[in-house]
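Think of it as A, B and C in the order they're written, each chain with its own count starting at 1.
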């Protein structure tokens, strides 16, 4: 084989491997339908929602490079806001979506605008952490509205749409998949857009980006608001799925776990959050390791990832692949 | 096009700039020189919106822009480069230029502008290379290409020739002349006086924050105050 | 009425002293090394449990507190050496690693100690009478001990060689190494001392409140609030901020809403970061 033939074979092999990962993930999604086990559907829905959260978090952390620790809080806000809109305002599930997203946009904008005026991660990380906790405390203390720290039972489910019945587990699983698809779609679209390129530039070097005409704060804010809205969307599906919401959903620990998922899977890549979610949640769940030890292992994986593989699993392989590709092209 | 009105800058008790007033007309090719620490880069920072002066006004195309943020000035056509080669090292050359293109990318001539800049500076071969893997001189060139690719009408170049070989300096001169010929106003901070004086039509000299001279190169090099400011050292070249 | 106010103020200062002990470790580590160590709160938790078991096994409160300080000091030094030293290049990596550490430590503790809250026998009981005032003796002891620790630390910074090296590093890392300060050794010392203080704070905390494996997060957050409010890297800042936060919480809980107690601190943190990013004492903003 000549050199050029070898390199083009390698190239197509690697491209095929990339496809294989996505096909594999797609196949996993279909498992609950194939096996018809209640447990699988339940686990699947939970995982899919977590994967959506990880994907949307990737937008602000991976693409825009801003370390936000308020993601779980907005997940909870989405659940609470949509539940409240349905119960108190009498809107249906579908009708509550837009108002809920609007509320979240306002909240995240109010938090993000002053927080993002600073260059650099630490201030933003602390402010989003504190705001997230404040929101949780709000949910825990506003007893009349939110049911207080014990949480709230939710008896509703979304009305049927497009002929699909959402009052049963499989229907909700489909809804969760829809949220995942939307999240992945939005992030993918942004990555290939002018907006996405600007975010990457901001992540790499804010000052240089500003000197080239990019409105830095505006872009960061847009990414943060969008990210938070996607988290809330997932939250609005979690509510009818779990039938119960509590302020624990919103804890900083959950936000931290999401960051862990991103790091393990690979920040900035598209499949990274999905693989990270599998590793972080599915594997321990399936291995039935006792709850606390599970988290110990995850913590250990996180520490090891940061120290030894900072780009995460997918990022690591992606880099190797790209380096190989370049070497192959160079002949 | 650009007017500086009594710009002063004080920082922690230190006077960095003192009543600097300056005017650059559209289409000019001006040099800004002076010994180290004279305040040249600070002046650029103030003009381009990265720093606010303690006193004074910056007027761009007649409008006061002293408080304007850098991205807004870039949108109005004023772009600066940074000392040392500042690009996006983890992006390829092509991607770097695409970012530089951000402002124009909604217009039809966007891709052309980027491609032109790439060709103008001889970077075509390296289009898909990571900026970090380029030799230093080329990185510097990329930085300038990016500034040009924004479609700027006023370019502020901060020490573009520093660290370049003699050949690269010649190339740089050609690039500057060609860009100037297209009607772009250019102001260059430079230490390499031989290069600069052969390039610009007019030079402003800054010493310890004060503008001490402003005129054609020949007059400047003979000005006793300028010679004193440099203590004759840099002129030993000639 | 006056009695009430004094009581509330006293409570506030006591709690503030505890918070400040925790904040000192955070503010120094961040100010000097640029690392936001989220796992610092775990030192408090572990210190509390060490004291608890010491008391339960008959060794007594004082031995327990000393053990807590010693153990946490060593643990902190170990963490610095094994982990944080490697993340100096990228402060965000340090933050993230500390998040992983929280998960490990917190959940190992939950698995070993069980997640139920525990109560420790405090060494003192009853009230201390000062005229019309009746102050809880144990709380008074805690206030005095916290104040003693903080004062000792402050003197250490001012008088000892190591303390001076730390202050030099706070001003300029490069400058300090140029004059011969062993930067890595000083960094290890900072971690060690900060952790020991946190361990002591944990032991003190255990003498007053119930402890649980998840108790580390509250002092952690309070520590961040103080560090940011006082100025990252500033020791006097953390101390003054501690007093102020303690008082704010105490008065807020007494006269406004007790359930929202933690919220006052978060609000303070947010306001500080937005309006006064350099904190009260405007210490160096820290590498971002």
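Just so we're on the same page, contacts are C-beta pairs under 8 Å (C-beta built on N, C-alpha and C of every residue); 3 or more make two chains touch, one makes a residue touch a chain.
Worth saying up front: this structure is predicted, and the values here are computed from it rather than measured.
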For this session: Point out which chain occupies the most central position, where each centre is the mean of Cα atoms.
Result: A
Problem set entry | Dominant chain pairing [most C-beta pairs in contact] | A-C
Exercise. From the C-alpha centre of subunit A to that of subunit B, how far is it in Å?
Worked result: 42
Problem set entry | Centre-to-centre distance between subunit C and subunit B (centres being mean Cα positions), rounded to whole Å | 50
Problem set entry | Rounded Å distance between subunit A and subunit C, as computed from the means of their C-alpha atoms | 33
Problem set entry | Residues of subunit A that touch subunit B when the two form their complex | 194, 197-198, 200-201, 204-205, 207-216
Problem set entry | Residue numbers on subunit B that touch subunit A, as the complex places them | 48, 50, 69-72, 74-75, 79-82, 86-91, 95, 98-100, 102-103, 105-106, 146-147, 150
Exercise. Of all residues in subunit A, which touch subunit C in the complex?
Worked result: 67, 114-115, 118-123, 125-127, 129-131, 133-134, 137-138, 141, 252-253, 256-257, 259-260, 263, 290, 292-296, 298-303, 305-307, 310
For this session: Give every residue of subunit C touching subunit A within the complex, in rising order.
Result: 30, 36, 38, 83, 86-87, 90-93, 95-97, 99-108, 110-111, 115, 217, 221, 224-225, 228, 257, 259-260, 262-263, 266-267, 269-270, 273-274, 277, 286, 288
